[in-house]
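A, B and C are the chain letters, set down in written order, and residue numbers restart from 1 in every chain.
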């Protein structure tokens, strides 16, 4: 283990992977915030806050555009950040230069923060689309190094 | 590799990560069980069991509250268990005390089992909400150690 | 780190995990392809391609069966490929025979390619169901080795 914590690329990966996963986790309380302020829930047992009669509670079992938007953003995080974490970990083990690795990690994490802001605020395209593409290309670039360095089929 | 298998914190992480990922995977057959018993499918090709005429099959392309509930529980697992696995692995590499690490792993895995039972059985709140919060706090606590031990930005 | 890159099982895991994660990532552009060709979007800001009047744009905020099918396939990938990656990594650390490990990795990755083709082309069951079960069993088999080799509760 000790050697991993002495490896700068692994330390950098730890740092950026943790930051971007925390960002992804932040989507959960954000969804909760929109569910409560928009009174839009999926589960009957979630509508019991305050003393509500059944009719009022039934109305809270609805979908809301703001809630759905945050949920799509969260889903997009799952679809993109998890591949980054998996391929980034394997990439760190291929022994890249620290500066090259940092470039990959910083560009990816930056692109995902831009993606989240673009999505949640519904900024005009192509802000969201471009940030998504930049993140994909960064992950592909790391995957290319993994497959050319560590191939055993 | 050998040193990893001699590291107790890593062994504990392996054990608890595997258990909680198996729990997450269990949601798939559970969804299948509800789809079959509630006759509620998403795909036309899934409605062909038994000799059915097209009219009967079309009726099986429906959503069902029990199926949707299990699917939401599965989605919540993806959103919470995957961050635990990623941050827990990095946390194990920071060399925490075994007892502290075990506390984190046990609390998280326990909280997710309670969460699943609360969700699938639709127990009154705050059982599900509290178990979700406990899991989040556990993961944040590990992330805090990763970022304070292994920071390289 | 160096010892990891000299470990054949870890190299094989790197290769197959990267391939199957890239396959999962491919579902995103495939979804985009169906969204554009079927003119079916979720976000208002995505409907601005070309000069559209608001009425035409509103019609593009619709669900489409082909888009939903690809999205379900992507979701199934998240639910199955991520457990494989987590448990497969821990499995690689348990020091299995290379030939046994390769068998697991190849069967899993093959099963997921068959699953994707079956899902996207809507092939008759049980092609999709069987390929899903084979992938699950492969992951269970690796989880069994992890829990019997590295148990620390």
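General remarks:
Heads up, the rule we're going with is that contacts are C-beta pairs under 8 Å (C-beta built on N, C-alpha and C of every residue); 3 or more make two chains touch, one makes a residue touch a chain.
Everything numeric in this text was worked out from a predicted model, so none of it was measured.
Superposing the C-alpha atoms of subunit A onto subunit C requires a rotation of 120 degrees, rounded to the nearest 5. Interface subunit A/subunit B: under half of the residue numbers present appear on both copies, so the contact uses mostly different residues. A separation of 17 Å divides the Cα centre of subunit A from that of subunit B. Residue positions of subunit B touching 2 or more other chains: 4, 10, 78, 82. By the touch criterion given at the top, residues 3-4, 7, 10, 68-69, 72, 78-80, 82-83, 86-87, 90, 93-95, 122-125, 128, 132, 136, 139-140, 143, 146-147, 149-153 of subunit C touch subunit B in their complex.
For subunit A in complex with subunit B, the touching residues are 1-2, 4-5, 8, 10-12, 14-19, 21-22, 24-25, 27-28, 42-46, 48, 74, 78, 82, 85.
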